[in-house]
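Below is one structure, written out as structure tokens; the observations come after it.
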Amino acid sequence: MPDIPDHSAVVEAEGHLIDSQILTTIFDTVIERGAHFEVQRFEIGRTNDEFSRLRLKISAPVAATLQRLLEELLPLGCRAVKDVEQDALLRPADRDGTAPDDFYSTTNMRTEVRIDGRWVQVGRQRMDAVIAVDRSPGGAAATCRKLRELKAGQLVVCGLSGLRVVPQFRDRERSDFAFMSNEVSSERRVEASVGRIASLVRETKRRGEQVVFVAGPVVIHTGGTQYFSQLVRAGFVDAVLAGNALAVHDAEHALFGTSLGVDLEAGVPVQGGHRHHMRAINAINRAGGIRGAVEAGVVKSGVMVELVRANVEFVLAGSIRDDGPILDTITDMIEAQDRYTEVLASAGLVIVLSTMLHGIGVGNMLPAWVPVVCVDINPAVVTKLADRGSSQTIGLVTDVGLFLHQLAKALT
Amino acid sequence: MPDIPDHSAVVEAEGHLIDSQILTTIFDTVIERGAHFEVQRFEIGRTNDEFSRLRLKISAPVAATLQRLLEELLPLGCRAVKDVEQDALLRPADRDGTAPDDFYSTTNMRTEVRIDGRWVQVGRQRMDAVIAVDRSPGGAAATCRKLRELKAGQLVVCGLSGLRVVPQFRDRERSDFAFMSNEVSSERRVEASVGRIASLVRETKRRGEQVVFVAGPVVIHTGGTQYFSQLVRAGFVDAVLAGNALAVHDAEHALFGTSLGVDLEAGVPVQGGHRHHMRAINAINRAGGIRGAVEAGVVKSGVMVELVRANVEFVLAGSIRDDGPILDTITDMIEAQDRYTEVLASAGLVIVLSTMLHGIGVGNMLPAWVPVVCVDINPAVVTKLADRGSSQTIGLVTDVGLFLHQLAKALT
Amino acid sequence: MPDIPDHSAVVEAEGHLIDSQILTTIFDTVIERGAHFEVQRFEIGRTNDEFSRLRLKISAPVAATLQRLLEELLPLGCRAVKDVEQDALLRPADRDGTAPDDFYSTTNMRTEVRIDGRWVQVGRQRMDAVIAVDRSPGGAAATCRKLRELKAGQLVVCGLSGLRVVPQFRDRERSDFAFMSNEVSSERRVEASVGRIASLVRETKRRGEQVVFVAGPVVIHTGGTQYFSQLVRAGFVDAVLAGNALAVHDAEHALFGTSLGVDLEAGVPVQGGHRHHMRAINAINRAGGIRGAVEAGVVKSGVMVELVRANVEFVLAGSIRDDGPILDTITDMIEAQDRYTEVLASAGLVIVLSTMLHGIGVGNMLPAWVPVVCVDINPAVVTKLADRGSSQTIGLVTDVGLFLHQLAKALT
Amino acid sequence: MPDIPDHSAVVEAEGHLIDSQILTTIFDTVIERGAHFEVQRFEIGRTNDEFSRLRLKISAPVAATLQRLLEELLPLGCRAVKDVEQDALLRPADRDGTAPDDFYSTTNMRTEVRIDGRWVQVGRQRMDAVIAVDRSPGGAAATCRKLRELKAGQLVVCGLSGLRVVPQFRDRERSDFAFMSNEVSSERRVEASVGRIASLVRETKRRGEQVVFVAGPVVIHTGGTQYFSQLVRAGFVDAVLAGNALAVHDAEHALFGTSLGVDLEAGVPVQGGHRHHMRAINAINRAGGIRGAVEAGVVKSGVMVELVRANVEFVLAGSIRDDGPILDTITDMIEAQDRYTEVLASAGLVIVLSTMLHGIGVGNMLPAWVPVVCVDINPAVVTKLADRGSSQTIGLVTDVGLFLHQLAKALT
């Protein structure tokens, strides 16, 4: 189609473009959209440490296609040369909770915005947010906000001008490099994987960052209580994000020795034993909640007791399937998301134990540079978490109780 | 242990004790608890239609074991002879949201309470509730209430006296009998199963009861939109219980032709396309919610549009992983549970389409006599729903889009 | 249909009819076939130890339905009164490998045949076999034979006369009773289950019976080598049934430290490492097979080395997906089945480690009274094995490497 | 480590190095082995159609590491400059069935060998084979052979000299490009995928190549018989590779209306119905096998009948779990593999229907350029097939019966 006057733009990118398969994805994206590319310049990093540099001309038959393509290339680190020479387009939200139609929706990768000629790094980076800009005499600030947090009049970044995204590059030299390549198979040696996760935990603590656990009730069902408790006592658990069920089954186990009606010592189902969890809820709520129940001696052992004693923060989010719930459970989802987000602000490593619901929730809130370990006996859950744009997810398909046993052994 | 003075009680049960394996479970339960039984009388139903009658003496070495055993036998329809000769023990809730320690926690089976010498059927039967009793001049009423709904002073059934439970008996003569025996295997002919589900839908409508769908966003991802829309238009959908994601992905599909960034016609992933769902949320919320968006012509097609046009009730419950959420989503879980429960009050059949979270939530709210069909491509989900005391669950392991295609063909 | 002259028969059964849900299944079967039943007599076992006794009249509108029904009731222990008063019908095979059309196809349950007025127990009980009868002066012998083993003229049991089947009753008092009720869920405490399996192993050895392992290569991939080796050295492995892949990956691991191209110590994939298994095959075959390779010191460690040293029998069956195969692998399936069957003749317990193919093969060969433990991380495999008429199967969903670690710890 | 005298080599590669992520893998491999690289030259393809060219210097601290690395880089298309300047090293097999220790083990990608100064393409390309060389006056021929096919004295390619491998490049412009990127998720619109597979089938026929189906018995269980029969009659099935079970369950279905004891019309299990498959085996074997049974009118419908009538070749391979087997089943695995391989020699497209066992077997036999479609309701099976070096595998997670229904509709 040489005769058709094409719409074209020149984009540039730099970094470990080959290691992270970014270059492949850039080319794929252009072709999939029915556009063409011509490499104007490509300098390959000569060694493993050096960056590569790309300058690419993109042509599309229709202007809209080109525009959409540029939008898609941005998260891959491709900046249209003309766009980075301009400031970002800022427009006020037209009403509370609503952005202008062409608002820029964020990824979880490090992002910079050009405001008044200066590049400003966006704060609280997360995916599916808008970038709210506050101008002040000392300079402008840009922050990720949820749509619902917008107030009418708030300045919001729109379009693509004045935006730079830095994709998360894989670091090939890190000791855990190969491991990080989010394999999911269960036909691997679990013990080797646990060893690497233990190293990640130690490195995170050494850097002064927090290790946050996201835990489903399977932790209790699979006999993980004592091992998780060891981790808490040894100081490897900085915060726990969970739901109502974790606390309820934990208390049920402490009070009756069962979990959802299964006798955990004997491994046998207890006919009618599922009443126990209702009594556990009643007992905790009479005491005014978990802290009250621990202090009053109503519950004497278990994960929640250890968290209270070690003064570890926990946030319990409600769900449509909750029984009770206990008084500590936050039943409003907006409040629960806000509390989760606060806790995750200082997370350097997140370990998700058999809870797809909370795992996906947490994945949405995290920037791309915080690694997430996802442990589940169901490979589909691990794949699903790794799928949702959280390329930093490391999957491990195994029994959670045995995993905690091994992790506690490796760390304590 | 003939010398030890045993603690013993006599229980009676009647019904299709053999068909429903209730007799086996009764015997198992006694032995597992370390107790003994002696059949004092057993009259077997001579034909398929006749009831069987059992009178059993149970002995346990410890009084507590006996008591616990009687509690476990109650949901199997076994009534201790001495207990049914007494009124139920009614005690006031000591404080809001809290029941006396020995409150009776309900199953989802039909239950009767003896109050002032008369047997009263419990209303709004569901599992994991307390039985609240209101005495009035015209007679007493007994109703299932969640713990959190209790007010201080409310009379609550405690202990086991004056309680009768009627287990759900399988009806062997029903045309769908064999099918109902909650098989889960996918190596079956799906088409045969869909035919039976279509019959169940028709029978439910004929009885004047409602068919309630509980739907995950997979309905959209798998191309089910047009088939589900057909079902709505043909009047087979009386209500939809779902989450935020159903409405968001439906609108994304209507507005951009994608669902979670996948082009549904072409089946190919759209790089960066997951921004579309944020724009869909923004567009709906600017219009004041789904009804507004439909009326303003912002969204012109899709499942939600059909529901609005056909005036079908829908309830969207929030969750920790929601984006947005759209304004229609109920973010408080207590309110969402209450709304779900209201809708389910008139349900004669519930069909769960690929959503474990809402499926379990709904399962908790239903009495045992409302059949639930659970369709999911993941056998683990189907098993899990069938596991949770919802013996009325029929599982079908298949692609939801293809299932809806077949169901629409069978019904419209 | 009172006017239609019914075809009817009277059947009797006795045993723990309620415990094993046999009575329920009998009634279900009659109704599903469109027939009717009338209980003529039912004496319930008064206590857990006593048998129940049933006498049932069955009526069907068509003679063929009745006949088919009687055939289906036989494996449930129901004997038509008229049939047990007669000898079995013996007919000669018409040609090699082929039985008369109405041959009796066996179940895996204990079976007796009436020959010349005497009841003879069938030898080598297994499912899907014919019963071959040899008359000799000292009395008749009846044995399960595969169709292909029949020679023309061999007497074969046909029809239903003179046959008694004793269903496998659950023994409710056995310590492992509840556990045996083939639960499959992974949300259980694995450690408790391993403890029970260890007890089964010890009891089996104490009875002087053999513990046979059926092992897939996942034993090697998941790092189980050292733990399985411990079990071999401690004498808990009496025989191993496997395929070519177990031996190949074991040798690959011993020679190169990898298994299917994954470095087991480091847990990382080795690019191109899958050549290693071809070299392992070449090395073993040059030495004339496994024993040669062990004796020549070509392979110095691993599962196969331990088996050779401990003189434990192993049988490797070929398959369509084999590489090589190594010389020890039996490539003819008829010979392989025969060798498997021989080894299983003395099995008191069979443990299947992550191999659906060989697990199903073994399940087909075993009588119903030999318990089978099936360990796999994939619940579908466990369910499938339990489904195939092997009600004695105990499923455990967990990582095989961790399972072997725990089992070795519990036993050695 | 600048002071240590490194061992180094220069390699070259060319092709669509970026599209197929080959460049990334090359760099990864070097670093993972503890070696270093320096890009001496890299010319990027300026447009989508142009090749890229790479010249890389690799240094390793130890000679053995360098050698191993070169071996691993070969399948990625990297040729050591010094190696391609030499002829391949040919050595005679020392004994039947055994190659010299340093034999070259093939991948499934196009391979060339330099013999007497000329590059010769290797025939019958497949993975895990040796390259046998026959010198004749007219020139040398090189062919893939299984180890077991080697005769003592046969010349075999050893080491790495004189070898070139051409990796399979993705063709980004092909209409099915995005689809080919072996996605496995089931949350996609199955109908869109079936449309693409139908196109692949038509294109294959248009090119005059064969469409080979590899089919498990699930085809029968899921009600696929009539749809698969339509495909046979319409000429879209050129050959069928299967096992004993397909033929047995097909005949059982034709004779009794059941498959493994399930009534396919009604979808209900038939108590004791699994005897039917033994009778089917007996009936077929009495007639001397499938063709005999079809000709004699013993079996009148079903997949096998259609294959016989349409004169479509089928090969049934035995397995350890077979009942019978029927006379057509090849019980020796070496013969079965040979027959499979012959059939696959003319395959242009392979469709695997729910059989992991035969699917993996077939995957091992195919060159990399024959696309494989794998349909299974279990995502783990699809992933496993795609994992085994068969990058050309396209996975589809859905019910096989419904898939065949859709495919027949799209094609006939």
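Note that the chains are named A, B, C and D in the order they appear, and that numbering of residues resets to 1 at the start of each chain.
Everything that follows uses one rule, which is that a residue touches a chain if its C-beta (ideal position, glycine included) is under 8 Å from a C-beta of that chain, and two chains touch if they have at least 3 such contacts.
Not measured: the values here are computed from a predicted model.
Asker: Could you see whether C-D or B-D has the larger number of C-beta contact pairs?
Answerer: If we tally the contacting C-beta pairs, C-D comes out ahead.
Asker: When the contact pairs of A-B are compared by residue number, which of A-D, A-C or C-D has over half in common?
Answerer: C-D
Asker: Calculate how many whole Å lie between the centre of chain B and the centre of chain C, each centre taken as the average of the chain's C-alpha atoms.
Answerer: Inter-chain centre distance comes to 38 Å.
Asker: Between chain C and chain D, what's the gap in Å when you average each chain's C-alpha atoms?
Answerer: 32
Asker: Which integer distance in Å separates the CA centroid of chain B from that of chain D?
Answerer: One centre to the other, that is 46 Å.
Asker: Specify, in ascending order, the residues of chain A that touch 2 or more different other chains.
Answerer: Expected reply: 28, 32, 178, 268, 380.
Asker: Which residues of chain D touch chain B in their complex?
Answerer: It comes out as residues 178-179, 183, 186-193, 196, 218, 221-223, 262, 264-269, 377, 397-399, 401-402, 405-406.
Asker: Name, in rising order, each residue of chain A that touches chain D in their complex.
Answerer: 18-21, 23-24, 27-28, 30-32, 36-39, 42, 44-48, 172-173, 177-178, 185, 379-380, 383, 387
Asker: With touch defined as at the start, can you tell me which chain D residues reach chain C in the complex?
Answerer: 25, 28-29, 32, 71-72, 74-75, 94-95, 97-99, 101, 103, 105, 127-128, 147-148, 243, 268, 270-275, 277-279, 281-283, 285-286, 317-325, 327, 331-334, 336-337, 340, 357-358, 360-361, 364, 378, 380, 389
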